[in-house]
Amino acid sequence: MDIKTLKELTRLMRENDLVEIEVESADLKVKLKKASAPIAQFVAAPSFAAPVAAAPAAVPVDEFAGCKQVISPIPGTMYLKPNPDAATFVGVGTPVDETKVVCLIEAMKVFNEIKPDAGIKGTIKKVCVSDGQAVEYGTVLFLVG
Amino acid sequence: MDIKTLKELTRLMRENDLVEIEVESADLKVKLKKASAPIAQFVAAPSFAAPVAAAPAAVPVDEFAGCKQVISPIPGTMYLKPNPDAATFVGVGTPVDETKVVCLIEAMKVFNEIKPDAGIKGTIKKVCVSDGQAVEYGTVLFLVG
Amino acid sequence: MFKRILIANRGEIAMRIIRTCRRIGVETVVVHSTADKESLAVRMADAAICIGPGPAKQSYLNINNIIAAAELADVDAIHPGYGFLSENSHFAQVVRDCKIEFIGPTSQSMDALGNKAKAKALAIEAGVPTVPGSPGPVKSAEEAIAVAHKIGYPVMIKATAGGGGRGMRVAHNDASLVSGLLQAQREAEAAFGNGECIIEALIKRARHIEIQIIGDMHGNVVSLGERDCSTQRRHQKLVEESPSPVITPATRASMSADAVKLAKAAGYFNAGTVEFIYDLDRKAYYFLEMNTRIQVEHPVTEMVTGYDLIKHQIHVAAGEPLHFKQEDVKFQGHAIEVRINAEDFEKGFAPCPGKISMYVSPSGKGVRVDSHCYAGYTIPPNYDSMIAKLIVHGENRTEALRFLDQALSEYIIEGIKTTIPFHQRLIRDVRFVNNEVTTKWVDEVFMRE
Amino acid sequence: MFKRILIANRGEIAMRIIRTCRRIGVETVVVHSTADKESLAVRMADAAICIGPGPAKQSYLNINNIIAAAELADVDAIHPGYGFLSENSHFAQVVRDCKIEFIGPTSQSMDALGNKAKAKALAIEAGVPTVPGSPGPVKSAEEAIAVAHKIGYPVMIKATAGGGGRGMRVAHNDASLVSGLLQAQREAEAAFGNGECIIEALIKRARHIEIQIIGDMHGNVVSLGERDCSTQRRHQKLVEESPSPVITPATRASMSADAVKLAKAAGYFNAGTVEFIYDLDRKAYYFLEMNTRIQVEHPVTEMVTGYDLIKHQIHVAAGEPLHFKQEDVKFQGHAIEVRINAEDFEKGFAPCPGKISMYVSPSGKGVRVDSHCYAGYTIPPNYDSMIAKLIVHGENRTEALRFLDQALSEYIIEGIKTTIPFHQRLIRDVRFVNNEVTTKWVDEVFMRE
């Protein structure tokens, strides 16, 4: 990070009468706020539920900042391997893109092949679920960076 | 991270009237906030009730800062004069202390002479009620400074 | 009996179903969208499974994901609530094909009764009075004109696939009938994928009166009396009450018998509502349509009969015979429900989603609030604007209205606009108090004053 | 009838009284301390007058300021609620001397029944059974010993001016009787300014059963049945229910008749409660004391009888004859009330005043919550710790307990500790379910496990 970017941002604020600016990119997350802004509170949304499926794994923002998430599109049981004796589809370090099968989710007796959404390209930085785990819509499966 | 970056950030805040700055990158997570950030709201405590008696008069904090309040000890009807034809007990500028009758409050058919509490000594800075007004416990009658 | 059921719904009805399940010892799994992850239902249910993002199409209407959740949670049955998939016969069939019970009627009954033209034909066959009009969809403008001349103008043009006031049109003469029919057919084709329309007599001074029925899989069908839902705005019910203050005991008995007759003719089981239009001038009722699900206003019937409808829905879905017979059903007092919506009634009932900053619900003997809201809750913009159903139960209508007035004046909801002020004005209106209201009164009279 | 009444109370009972006044069209003026200026009652009432600072002695017990407020607001009557000045005969007299009606009995009845020794003498005179013991205060240790020998050890020493468990002591032999009597007399003198003590037989397995009565100024007194309040902790009622699950219809009728007899003997009018101790071993009941006011647990009676007790209190205070006769009183179903307090039951029920951050009260058919709390409300440390009374009404005790279980599990109160977890454990305890509870069970068995 360099201070120059920040200076550019403050100039942008000044010139455009902005009271708040928030930028998030692959390598940087910035928030600037002027006195007059209503002070927004960024608290993590509390998750009340005790879901059947594990709650979406907490994403440690610091370490994996900028990573993109591969989420489950459907409730079901997640498998990291095509069959119990096989190797996992992917692991930390595996390069992936939207064509790569990263895991299976069994739902309605069907094994659905899960691939990253279009635009997600990089290497697996973290596997967020364990083999055979129940997942729901939105459960974070992998972090790709 | 070095302290220089932080200094740069604080200067940036100063120069741009920022009250809050939050930066997160792969190697750094910083959040700075000025004391003035929470925009203190001085709104009168919401008085839900539509009381029979007038709500305690709002005290303009600025002008009468440091003044002591003479409050009504009982619900009733407040009179500024001993009788309709007489002069008021006190007015702005009258010196008062705990021995001085400042008004009457009629309650239970009795005219109660009201004197400032012990320790209140000075001159009347403001008369907060009008003659014949209904008051409740705690209604501010006079400001003494 | 079921060990565990899945609730394929949200908001107050999800809460309502959870409540009964807790009372009868059935576990609950609620499915929800990401927009509802902080909802009370998610918190209250024994388990919650996220099935998709905010838009209903991708979550509450996403059959695949709901079934996947049901299998994952290993539930015995699915309660669809009202709205969403509750009247989707395909969904009911998929659920049953997965060896999960659908808490509702068969797909066949839903199909037979969900289509207005088919339902009307069934009613005619069963000897239930229907609004004079075409026996089925009109094939041509000429046929429509012939029907209109027979029953007399003005007439209604209705899309058979429509509902809730959508796909309806009035014609006063041949010209407006021909053009109206064309437009209605085109609109219905676009909106529902089905352009069929029927022609019916227009009833000028109508009350909306419906009969709550419940049936089991053993051929028993019982009527739980009527609800009068005549106070409507743009065909949306605002107030529901039981008993109806405008019909005689004889009419009530006859309507109940007809509703049961129709349900039996359709091989119907579980809870359902047979809607009638009551013509104040002719003092006659006509079958309108049947809703093959639990309804928003079911608590009104619960208050006057004492029966927990959700409980009996679950019991009959589990194959049990109905726990009571027609002669056991007794009515006590008068119940009224008003729907409190997050809407600004002074701005044409514009929805006002947002965060509730303060919330104090009313209380007292005979006051019931069915809601999913609380202070701090944000009403998402994705779904309907209902905040709560306020139901009161008094010895008679006068007492119920007094209770309602007290409860409305005590209800505190801050942070968003609600329809509480509207209801306060409404229930103090002498015409409402004196039952001079028709289904068009709010639109044509009350809202214009 | 009264046009406007003043409510000399706070919290849920102030809300409760306002609710009924709204239903019957009586204006309300609530007096409050500075600590309660943001309370719901202040917001709900037609008018509110601050009468003093937080401490009750300077506000809710400040007779001068309350009367001043009543005159300022020009009210016709004062409802004292329960606690505070509700059983203060001097206050009742001052109110009436100011030509304001006191919604309660005469000062004379209050005096005759508020003192335990006088009340017992009156009961004996009226032929109402009392606990065997001294006919009045014992004058000496010798007299106490003679009484104890006659009725047999163990015996109770009770201060006549005590109440709620204060000023009570058990003696098992002559020595402990003599020393206990001395201590009790000394303590009672210090606490109540009256050292008189009586000696009574100790009842080992007791239930607390009380009869709700209401009378008018024309000599009519009606019984509204019993409440069983045997689940107590340190003589504080935790759970109240009606009907009592341990007495026979014959006992019930006899207790009711005796309660009415006693009230009539005292020239009593307005609502009152005649408390009895029921001896499970002897299957006999004895008069304990009379509460000359509305009680916390009155909703239990309202649920099973359908009568609004506050409404009838107001009607009879206005001089009207009772609106119903003894033969009109019918009982329906089973009602249970639990008191939800801001207390940490795992730390000896230590009070936990503070701010409620989230609050969602339960709902559903047969569920009633009487409360003054809401999310954002701060429970002041100055007064009692009651948050709410949760009342359920089912067809029978089993159903009522199911409703209660559901309602408790649905009740969300965050930010402070509450007794909800205690009640959840309690009502699932098989001994509570099977009615094996005595008045000492919670203290001596349940809390020690």
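The first chain written gets the first letter, and so on, giving A, B, C and D; residue counts start at 1 in each chain.
Basically, a residue touches a chain if its C-beta (ideal position, glycine included) is under 8 Å from a C-beta of that chain, and two chains touch if they have at least 3 such contacts.
Computed from a predicted model, the values in this text were never measured in an experiment.
Novice: By the touch criterion stated at the start, how many steps lie between subunit A and subunit D on the shortest route?
Specialist: The distance in steps between these two chains is 2.
Novice: Measuring between Cα centroids, what's the chain most distant from subunit C?
Specialist: B
Novice: How many angstrom between the C-alpha centroids of subunit B and subunit A?
Specialist: Computed from C-alpha means, the inter-chain centre distance equals 51 Å.
Novice: Using Cα averages as centroids, what's the distance between subunit C and subunit D in whole Å?
Specialist: 44
Novice: For subunit A and subunit C, what's the span in angstrom between their mean Cα positions?
Specialist: A distance of 41 Å separates the two centres.
Novice: CA centre of subunit B versus CA centre of subunit C: separation in Å?
Specialist: 54
Novice: Taking each residue of subunit B in turn, which ones touch at least two of the other chains?
Specialist: Not one residue in subunit B touches at least two other chains.
Novice: Among the residues of subunit C, pick out those that touch two or more other chains and give their numbers.
Specialist: Residues 43 of subunit C each touch two or more of the other chains.
Novice: Quick one: label the inter-chain contact graph as line, ring, star, complete or other.
Specialist: ring
Novice: Of all possible chain pairs, which ones touch?
Specialist: A-B, A-C, B-D, C-D
Novice: Going by the contact rule set out above, which residues of subunit A touch subunit B in the complex?
Specialist: Touching subunit B from subunit A are residues 1, 3, 6-7, 10, 13-14, 27-35, 37-39, 61-62, 65-66.
Novice: What part of subunit D is in contact with subunit C in the complex they form?
Specialist: 15-16, 19-20, 22-24, 40, 43-44, 299, 302-303, 306, 308, 358-361, 363-365, 367-371, 374-376, 395, 402-403, 405-406, 409-410, 412
Novice: Inside the complex, what are the residues of subunit A that reach subunit C?
Specialist: Checking each residue of subunit A against subunit C gives 45-53, 74-77, 107-109, 134, 136-139.
Novice: Would you pull the subunit B residues touching subunit A in the complex into a rising list?
Specialist: Going through subunit B, the ones touching subunit A are 5, 8-9, 12, 15-29, 34, 36-39.
Novice: Which residues of subunit D touch subunit B in the complex?
Specialist: For this pair, the touching residues of subunit D are 29, 31, 34, 37-38, 42-43, 45-53, 59, 64-65, 67-69, 71-73, 98.
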